[in-house]
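Below is the structure I would like to discuss, written out as structure tokens.
Here the chain labels run A, B, C and D in written order, and each chain numbers its own residues starting at 1.
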Amino acid sequence: MKLYSNRYGKAKVRVLKKLRENGIDTFKELEVKVVLEGTFDTAYTAGDNREIVATDTLKNTVNVFAYEKLGVETEPFVVELTAHFLDKYPQVSGVEIETEERVWERITVDGSPSPTNFSVAGKVVPTTYVTRSRNQLEINSGIRGLVILKSADSGFADFDRDEFTTLPDTEDRLLATSLSSQWLYGAKPADYRETNERVVETMLSAFGSKESPSVQSTLYEMGKAALAACSEIDRISLTMPNLHCLLIDLSPFQRQNQNTLFLPTDAPQGWIEGTVARGE
Amino acid sequence: MKLYSNRYGKAKVRVLKKLRENGIDTFKELEVKVVLEGTFDTAYTAGDNREIVATDTLKNTVNVFAYEKLGVETEPFVVELTAHFLDKYPQVSGVEIETEERVWERITVDGSPSPTNFSVAGKVVPTTYVTRSRNQLEINSGIRGLVILKSADSGFADFDRDEFTTLPDTEDRLLATSLSSQWLYGAKPADYRETNERVVETMLSAFGSKESPSVQSTLYEMGKAALAACSEIDRISLTMPNLHCLLIDLSPFQRQNQNTLFLPTDAPQGWIEGTVARGE
Amino acid sequence: MKLYSNRYGKAKVRVLKKLRENGIDTFKELEVKVVLEGTFDTAYTAGDNREIVATDTLKNTVNVFAYEKLGVETEPFVVELTAHFLDKYPQVSGVEIETEERVWERITVDGSPSPTNFSVAGKVVPTTYVTRSRNQLEINSGIRGLVILKSADSGFADFDRDEFTTLPDTEDRLLATSLSSQWLYGAKPADYRETNERVVETMLSAFGSKESPSVQSTLYEMGKAALAACSEIDRISLTMPNLHCLLIDLSPFQRQNQNTLFLPTDAPQGWIEGTVARGE
Amino acid sequence: MKLYSNRYGKAKVRVLKKLRENGIDTFKELEVKVVLEGTFDTAYTAGDNREIVATDTLKNTVNVFAYEKLGVETEPFVVELTAHFLDKYPQVSGVEIETEERVWERITVDGSPSPTNFSVAGKVVPTTYVTRSRNQLEINSGIRGLVILKSADSGFADFDRDEFTTLPDTEDRLLATSLSSQWLYGAKPADYRETNERVVETMLSAFGSKESPSVQSTLYEMGKAALAACSEIDRISLTMPNLHCLLIDLSPFQRQNQNTLFLPTDAPQGWIEGTVARGE
């Protein structure tokens, strides 16, 4: 038997980078896959790892290069990364890198594009939920999966602490969530579609313009704003899973991550729900 | 033992409707779920189906109502549908309908919004694929999953026919596909991001402006246009699965479906690939 | 510009075949992708479809060959199919076929393997749902996504008929569903895991041993059997989406499909729910 | 406006626990969702977090309880967890916990059930890939997505180290991967299905019986064993993404995690490929 061919690398390396210029943020998110070819045969055939660059090291390298080189364009960053692996490791003969981008767009807040609030381009699903019996008709409209991010004016502090608490207070964090919401109509609007769009725009404006001491508070402000803006709506429910973006520790590589490079995660998620209604 | 509670209905009923006005199309796509409550107990407990409206009938009803009532707004259509089930069937005491919308937006063709070409709002994923050895560097950029639809100037005829062929020739069909594409840079552009956007816009313009005798031909025209518009690109590959939209037969219900209501499907898919390069 | 390379075919062609021998069924399910290479250039470059075998014809061919050739082994069927495309079409120079199988296993009914009841190998997810307030504790266990199929003793007839009904009565159909269920414990069992397994086995035995006049009736019988077998359980809910398996019409190809070859579908789905409790 | 209702918690908390008894391991994997009700209103309406138990604390609590209480049965663990949240936090009035289990089964190694090798119950997809031209026929069979885990005799050490390396050497780690493989037939076997099953069983036996100094080495041993066991096969390719299971740090809670509780992750993944052929 013989080793006919081989390659290895690291897949699904996720990075979210904040490019801040004059107080205006831009976000760039990539998922990166690096695959190396080279003289790795003895690792396969003889259990000798000396030529193997650990896949964990590949991930660290992607992080360091993302921190130092990644800008609005993806390609120059990827090209430098391929050069690095060839320059650094004589045992490497070929490098293959693939990236996929999750595109973030600026949210409109109070009529103008926000410098620090974003949504994932276009991924919203409008929904309806209507129930009717012989006596009653309830019309709900909604949206599902609107991914939004707030890069300023968000903190979380002064919460309950006990022996199971390790989370430090923070006055400055990224707040990301996948908003799903449903609102109950109390009166027929002139146009459902327009009203639904106004509800969403109003929630996004509130998300963007209010200081956030917690997801709970932001959720309530968004619901309140929607009710204030649309008199036909009686009640609104919001679900806002907290999609944690973890600051990547670059101190082992003599870099101080200045709140710039994050690891976006899907699990675990904070899970915040609330319903806001008219009245007191 | 006793039947404590029960409900039934039909889920994942998909409809795609063309709303044509003065030669300008608008597309509305819903996935509908209908659930009924009522006096269905003996179907569960005694095998007596007499009170059961078949779930297939529920689907047919959604289709007929979508054909006759569905417009730009979702809610009035859903409300009428709930009323119908209560009016029509005395055994029904409650109706619950949920919808999810896939939103179609107008494509820009040659600088202006097209009356008959569309894309699913925002679902594009930019990609890169870079390979490098000691001697060679290849930089590819691309996109994945751009769902587009062409509602005029698309046919498919005069193809090879044999005893396994049942598809009739058509001069008028919906053409829908999920475009993935990758292009190879021969020279460094001034700005990758801008160039990539120009490639995509050019392909969409070609998709929208050319008469389509087949997916194959449309694919080739899109690739040619991209190469013509961007001199830095040497070669471009496109994959265009044909997402068939089937005309729903309403003749059993005494309606003539005037090329208006379609069933969008994911399986099976036509699978069309091609690569276009410079030279002869 | 020139066409550098090209291929096309049909993806996601699904077939479900019943192999009946001496009253004992075996099920074979494949998803097939066929891709052809050949002299198709003028379809791309000149809008000339004469060399193009329609992707719909490819699907029909897969169906006819599945009907006539597909057995327990996949490979001989695929090999014959590749030979056919080369033999039949001089313009074809190469064929590539990929398949994925969904494996069906025999269900144990009343202690022995059933000749006509099946489940998708191993895809069950055990669940729990526990709620507790200061006064009350409710413990539910369950499963999600157990795909099962019944190939005999299943019909659906004598239901409500009106002008929206096209479904004919049938005394012989495939019944397939993805069972999700949740049961409420009234008393602590000796061992939750064992009891949960007994609940599932009992439901599968009832599914397999009872004549089915409707999904509703089968659901009720399954719930009743579970309560009868496990005294610690007070109530059980079942959700059984009807995964329709459509008989494929082969009459255009001079074949009479003898209830043998089916198209498994995911959408639309019948949606049947019910809860069974102790008492009268 | 008023806060009509509210709840919050933590979703997608994943834990993988090794239950070791007399050198025989059993694995238990859950995804947990905890939702709390209580007097959290001022967090929503006044930005006052004092009553809020951080969702991060909820996750830590799940981890500590999983470490101390989770056994073969899920329900007792969940019940204790609900009691804890009510006992510990006076502001909590209700708790809801949902779990989903990923079931691990023992692999058969050299004819008997292994004490330390496992696979996810039943999730394998058989595949074929056949290509044919006028001159050549290649028949490949394979599988996709067989998730396997090795809890003893797996390490990774003595690899290339540089300034981007942080991974320590280890002589004892969990090795988990989702095996996809494809083998090329050089001769027609008596029965494809039986041969395919023998290939898979042989690979699993090699996975289970060989000491693993790296995924690369294990991959090669598996390929070699398959070729040795099945003479009709000429070549076999394996892809083995490394599904890292991270030891959960419980030291902040005064517990020493004795290689017992792990966080299973999907991203990033090591990505290991190799092809083994006959000859030298």
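The rule is simple: contacts are C-beta pairs under 8 Å (C-beta built on N, C-alpha and C of every residue); 3 or more make two chains touch, one makes a residue touch a chain.
Source: prediction; values computed, not measured.
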Inset, instruction - With over half of the numbers shared counting as same, classify the chain A/chain D interface as same or different. - result: same
Inset, instruction - Could you work out which chain's C-alpha centre is the most distant one from the centre of chain D? - result: B
Legend entry - Computed distance of Cα centres, chain D from chain B, in Å: 36
Inset, instruction - Mind checking the centre-to-centre distance between chain A and chain D? Centres are C-alpha means, answer in whole Å. - result: 24
Legend entry - Mean-CA-position distance for chain D and chain C (Å): 27
Legend entry - Touching two or more other chains - residues of chain A: none
Inset, instruction - Specify the contact topology among the chains shown, as one of line, ring, star, complete or other. - result: ring
Inset, instruction - Go ahead and list every pair of chains that touch. - result: A-B, A-D, B-C, C-D
Legend entry - Residues of chain C that touch chain B when the two form their complex: 1-14, 31, 33, 35, 40, 43-57, 59-61, 64, 88-89, 91, 156-160, 162-167, 213-217, 219-220, 223-224, 227-228, 235, 241-242, 252-253, 266-280
Inset, instruction - Would you mind writing out the residues of chain D in touch with chain C in their complex? - result: 72-76, 78-79, 82-83, 86, 93-103, 121-134, 137, 139, 141, 144, 185, 191-193
